[in-house]
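Naming follows writing order (A, B, C and D), and every chain is counted from residue 1.
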Amino acid sequence: MNTSFLLRRLGYGLLLMLGVVVLNFLLIRLAPGDPALVIAGEMGGATQEMLDSIREEYGLNKPVAVQLLLYIGNVLQGDLGESFFFNQPVSSLIAQRVLPTILLVITAQVLSIVIGVVLGVLAARKPNGVMSAFVSVFATIGYAVPVFWTGIMLVILFASIFPIFPVEGMQSVKLRDASGLVKALDILHHLVLPAFTLAVIYLAQYARLSRASMLEVLGSDYIRTARAKGASPRSVLFKHALRNAALPILTVAGLQFGNLISGALLVETVFNWPGMGRLAFESILRRDYPTIMGVLFFASGMVVVANILTDMSYRLADPRLRGKG
Amino acid sequence: MNSLLEIEDLRVTFNTRYGEVTALDSVSLHVKEGETLGVVGESGCGKSITALSVMGLIPTPPGRIAEGAIRLNGEDLTQASEKRMQALRGGEMAMIFQEPMTSLNPVFTVGDQIAEAIMLHQKVDAAQARRDAVALLDRVGIPSPDVRAGDFPHQLSGGMRQRVMIAMAVSCRPKVLIADEPTTALDVTVQAQIFDLLNEIQREFGSAIILITHDMGAISEMADRVAVMYAGRVIEEARADDVLDYPQHPYARGLISCIPALGKDAGGAGDMLAEIPGVVPPLHKLGAGCAFADRCAHQAPRCAVDKPLLAAHGHHPVACHGVEEGWL
Amino acid sequence: MNCMSRLMGAAAGAALSVAFSVAALPVFADGGTLVLGSTQTPRHLNGAVQSGIATAVPSTQIFASLLRYDESWQPQPYLAKSWEMAEDGLSLTLQLVDNATFHDGAPVTSADVAFSIETIKENHPFKTMFAPVSEIETPDPHTVIIHLSKPHPALLLALSPALAPVLPKHLFDDGQDMKSHPLNSLPVGSGPFMVEEFTAGEAIVLKRNPNFFLEGRPKLDEIIIKIVPDTSSLLIAMENGEADIFPFMQGSQNIRRLQKAENLDVTSEGYAAVGPINWLAFNTQSPKLSDVRVRQAIAYAVDRDFITKALHRGVSAQQRGPIIESSPYFDDSIPAYDVDLDKANALMAEAGFGDGMALTIDYIPGPNEQQLNLAEYMKSQLKKIGIDITVRAAPDFPTWAGRVGGHDFEMSMDIVFNWGDPVIGVHRSYLSDNIRKGVIWSNTQQYASDKVDALLDAAAVELDEDKRRALYGEFQQIVAGDLPVYWINALPYHTSYDKRLQNAPTGIWGTMHPMDQVSWGE
Amino acid sequence: MRDQDTNFQAESPALEAWRMFRRNIPALIGVAMLSLIILATLYGSFFYGGDPFDIVWAPQEPPGMTPEFPLGTDYLGRDLVAGLLTGGGPTLAVGAAAAAITMGIGISMGALAGYYGGWVDNLLMRVTEFFQVLPALLFAMVLVTLFSPSLFTIAMAIGLVSWPQTARLTRAEFLKIKQLEYVTAARAIGARNKRIIWKVILPNALPPLIVSATLTVGVAILFEAGLSFLGLGDPNVMSWGLMIGSNREYILDAWWPVTFPGLAIFFTVFSVSLIGDGLNDAFNPKLRER
């Protein structure tokens, strides 16, 4: 891994983020209606003095270009503005919500990749077998089911009819003072349904992808070479083939991250998960633009970071890319 | 001396959407220790299937060995368990493939790939296997082998990669070494080096080599005996000199006439097609008669209905009615 | 659902997680945690500068106020141990308790009270509460004299915990804007509970105030307000014991569902002071609706009976006038507009719309059963008198508020609270001087009647209860004829709570009242 | 392996693909299912009358209880069958329109980037990457909120957030095809860039794009459903997503008003993706043989 690549990649990521900041700003400008009126409405009244003081406070009375520069400057300092709704800075609202989202998204990602790849590999072993047919059908079904619908059905089944899993968010409020292990178990307990719901769609895609990828790799010359030197079927499958088949899976996993965050938005809403997605959704209902834009900014940042990590791990996994620019 | 490897009446079939087709039919071959058997023929004639059958690498399904036996030191490989085959592959017998570009795993270093082959068959630890791998790289003529061992395949040239393949194949001193078109993808000069290397290895290890090629030049350089294959059958078999000097089968004659004059470019498939009109018929369209009949300039009525068998006529065994009946 | 499956589920659940079985352990007697589930998200916790139930519930636990109210609308001592209204009704003198302290240990003094009332007068959207307050005198640390420019009978109710929290002057009076003061999110008060944690949009953790000035209270160790925006999830949480009390529940399905739960009690008590009215508002300035006959025709077409019985499944009560029917000021002789389609069609023809007309209807996004469903019902029902309705959706509350507040609407469903005294919650919708463009829940109908203005102004200062009632009676007769809005029903607010809960909050202010006597029973 | 000549005879690969497609049973099932769904949404309301917004019966009548309302009624007492039949049209229309917008933007961007290369490619690809960084659903929600929900804004928003993948695919195809001999030949006879892009390269890049377009329709339908579920659908037009969104609150009491539209969406997307897979196999016979 060379540092210049990493630096270039990071610099480019920052550029993308700057783009998001500008877009954010433009979107707020495009919003119909006077932001000051919206804020005043939330505060419960709109006298002229109040509107003026709000304009002053949020810098709405300055020229647009100045506002943009101010906004960029603030974002660079980690200041995403004040929420229109909550009496708090957007950055602290997001800070409270980041970890749950990351926990949910990463768990779902890991679940879907691990289960998906195992299914895909098993299917690839016998391209015409039962497993293979199952993976194909399952992948198409998984792709076609609306994720929120799966979530609702799971809530009905496992929270209402058979109350096995809780639905009240990420942890049981009554256990907030509990010890670390109990708390961890509690969070795990809450995590099962949302993570599984989110994982299902991507799981199906990974299964399908890894099946195709494995089939391609298994037909390649170096697999024949591995067999010719006497490697066992297991070693051929998991050592020689999977390492190569993992490359496209890795690419898709990176590209999938943005979609995963979108999916998390729906899943968080269904399961009351205290993450950024729900914050964004509720903020949209409240027209809390600074918070919406803050989440959009932060979520994009997560995608950028995920892309950089993917690129880096791709270069680690594929020696052919190492040392290239 | 007895044959080290003996293939007897081998019939291999494949299930395709045209039904079951026979890819190899009544193939019998043998090779002795220290001997080089050349197997020649156009693409699709069954050379590679033969090699893969020996290695037990026929993709099953759709392929299967329907009849016959393959004996290595008297042990019938068609009856051997998968476990046993794993032990034999890379140990007792090894194979060098046609495409050095794609036959090495791109994500492992060449040193690791050779070391893996060593560890699969010899009871040595990783460090020792690594040292052996470097020694092998040195043996196959790779400069600064200790550095090269840490390279990935994409960092090596084609010739280097084929040397790596050879190093990997001979790492456990195989008794039988199958080289499937080992030089097709390489430059002419590199080809010669690779053949030299194979010859050296054979002298050193006493291996039997089965050299599969469509290049008659390679045969003349390397082979002690030659089997000519066409459409899944051996149609002529003899000492290399005999086949080269007195080809009997019209197809063999065609092949021989393709050998370029010395110093010219080694013959490619394109030249060959120019000499023999038509192409190898698809396996599912093989009729009852001689598979070569449609392309044969000397076709007789019998050729279309009656499949000629391999039998000694004159110099050496050949499967042709014309030769058998003496009108050719 | 049958018992067996529930049992199996519970068993599987217990087996699945240690955490689950810990959560299921019962809690007994004094102390313990109360988990209050709320579907509404508070902006912050300071009820002095923010109206609405989302803020009022935590605010009344954190802040004490001068008075509190019992079940029969009678004022009771709280921070004020005694009070006296002057004969002329122009001043109120209150004596504060001696032992009250804020959570940071500072004593509660008359200066804090004066600061709080001024802050509320300045910042709270309910301008009428303290508008007549001309001066606040603090002769000593424990005496407060509120001077009024005119008699103000609603003043006592306005001193309730839900409306007039007493703020610590030494913390809040630092020159910052009160509406966005940083302490609003983690306030210090003198109420029975102290804020330990406030996760915006998630949870508010309130811990027992050990130095609360009322002896032996509060009983609970902890109140956790858990915000669950999705009602279905909150219902499941209630059934599974993850939450203990769910106030302001209004969906008929939800109410009926929890009524069936064996571990829960459900009551409609606790909302008398709120007086939540669901109504159909008319923009009286729009050309099509300026004719009172059209509004009356619509009133005759809409079937309150069908709405409350069929659409609301009998959980909501009909509401015929501007003052909630459970209030002593309600006049039940006002016209009811029982459904009469012939009369409605005749009125339409009379108004010159015999060939029909097209109207739009807006609704508050969120409480669908009260709002969207009724808008959809209007669409279906008013077709019968030739009115073609387009339902205008608002994607979110601010959009709706912008339209209605900006007078950019024809008809809209709306929910408006009485907030105890008519002066606070009723006058604002009918006074012509409260037509304030851009302000939601002002007189957005732009209804103007000199007669009504005069009646309301008189009622606001009338100290004699009977006379006051008569003034409000006349007011109700007039607006019921003019129909700036067509009142439909009282919101079916219900509270569901764990059966083991003692002294559940069912007073006139319900959970917008200090829950210092609530406890877990044996 | 198809040789260069066949590229000049456009019917031949298309016919070949059709032959492959015709033999693909799952794809044919997909076609049958989708045709049925489209027919039902186009003509169903002629046979099964009634405004889907009309309140016709008691709310939340379970399916199978009343013969007139075989699938029951929703939370307002509106007929679910009428809703399903009428709601399919807008859902499919939004899906198709969004897919068309996606393909329009994506193909244009990808074609220009792939054909011209250099700074054009660089610029357009940066823009593409920028749009890929924005979480699609979140961005679409913001757009729909800003411009108020209607079928048009929803389709636009979905199109605006979905095109980057199409752009990448188109670019890759263009990069591959522009090096082929017949493109050079076209250039040699003096064809203009515009002609080469749209008349020479694009037709040859179509097979993967057609597959992608098919799958995009499915994604767009799911997208619309997701937005409606979050309450950002168009409330004046009955769509499957709206049915789910507005009945979601009552899901614990009545499963059917949410389940049936959910199934309708599922079967539509399922059939569309079966067709997409079938087309993919048909255009890439090599992959199929494996």
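One rule holds in what follows: contacts are C-beta pairs under 8 Å (C-beta built on N, C-alpha and C of every residue); 3 or more make two chains touch, one makes a residue touch a chain.
All of these numbers come straight from a predicted model, not from anything done at the bench.
Asker: If you average all the Cα positions, which chain's own average lands nearest?
Answerer: Smallest offset from the overall C-alpha mean is found for A.
Asker: Is the number of contacting C-beta pairs greater for A-C or for A-B?
Answerer: Between A-C and A-B, the larger count of C-beta pairs in contact belongs to A-C.
Asker: Measuring from the mean C-alpha position of chain A to the mean C-alpha position of chain C, what distance in angstrom results?
Answerer: Going by mean C-alpha positions, chain A sits 38 Å from chain C.
Asker: Roughly how far is chain B from chain D, going centre to centre by Cα mean, in whole Å?
Answerer: The answer is 51 Å.
Asker: As a quick test, compute the distance in whole Å between the mean CA positions of chain C and chain D.
Answerer: Distance between chain centres: 46 Å.
Asker: Two or more other chains touching the same residue: where does that happen in chain C?
Answerer: If we look for residues of chain C contacting two or more partner chains, we find 232, 236, 365, 395-396, 399.
Asker: Multi-chain contacts in chain B: which residues touch at least two other chains?
Answerer: none
Asker: Give the residues of chain D that touch two or more other chains, as numbers and ranges in rising order.
Answerer: As it turns out, chain D has residues touching two or more other chains at 145, 148, 231-232, 248, 251-252.
Asker: Where do chains touch, given as pairs?
Answerer: Between chains, contact exists in these pairs: A-B, A-C, A-D, C-D.
Asker: If we count contacts the way the header does, which residues on chain A are in touch with chain B in the complex?
Answerer: Per the touch definition, chain A meets chain B at residues 220-222, 224-233, 240, 243-244, 317-320.
Asker: State the interface residues of chain D toward chain A in the complex, per the touch definition above.
Answerer: My answer: residues 129-130, 132-139, 141-142, 145-148, 218, 222, 225-226, 229-232, 244, 248, 251-252, 255, 258-259, 262, 265-267, 269-270, 272-274, 277, 287, 290.
Asker: Considering the complex alone, what residue numbers of chain A touch chain D?
Answerer: Residues 16, 19-20, 23, 27, 30-32, 127, 140-141, 143-149, 152-153, 155-156, 160, 212, 215-216, 219, 255, 258-259, 261-263, 265-266, 269, 277, 280-281, 284-285, 287, 292, 295-296, 299-300, 303-304, 307.
Asker: Considering only the defined contacts, which chain C positions touch chain D in the complex?
Answerer: 231-232, 235-236, 251, 253, 257, 310-311, 365, 368-369, 372-373, 376-377, 379-380, 390-391, 393, 395-396, 399
Asker: Going by the contact rule at the top, pick out the chain A residues touching chain C in the complex.
Answerer: 33, 37-38, 40-46, 53, 57, 82-83, 85-88, 93, 96, 155, 159-169, 172-176, 178, 182-183, 185-186, 188-189, 269-272, 274, 278-279, 282, 284-287
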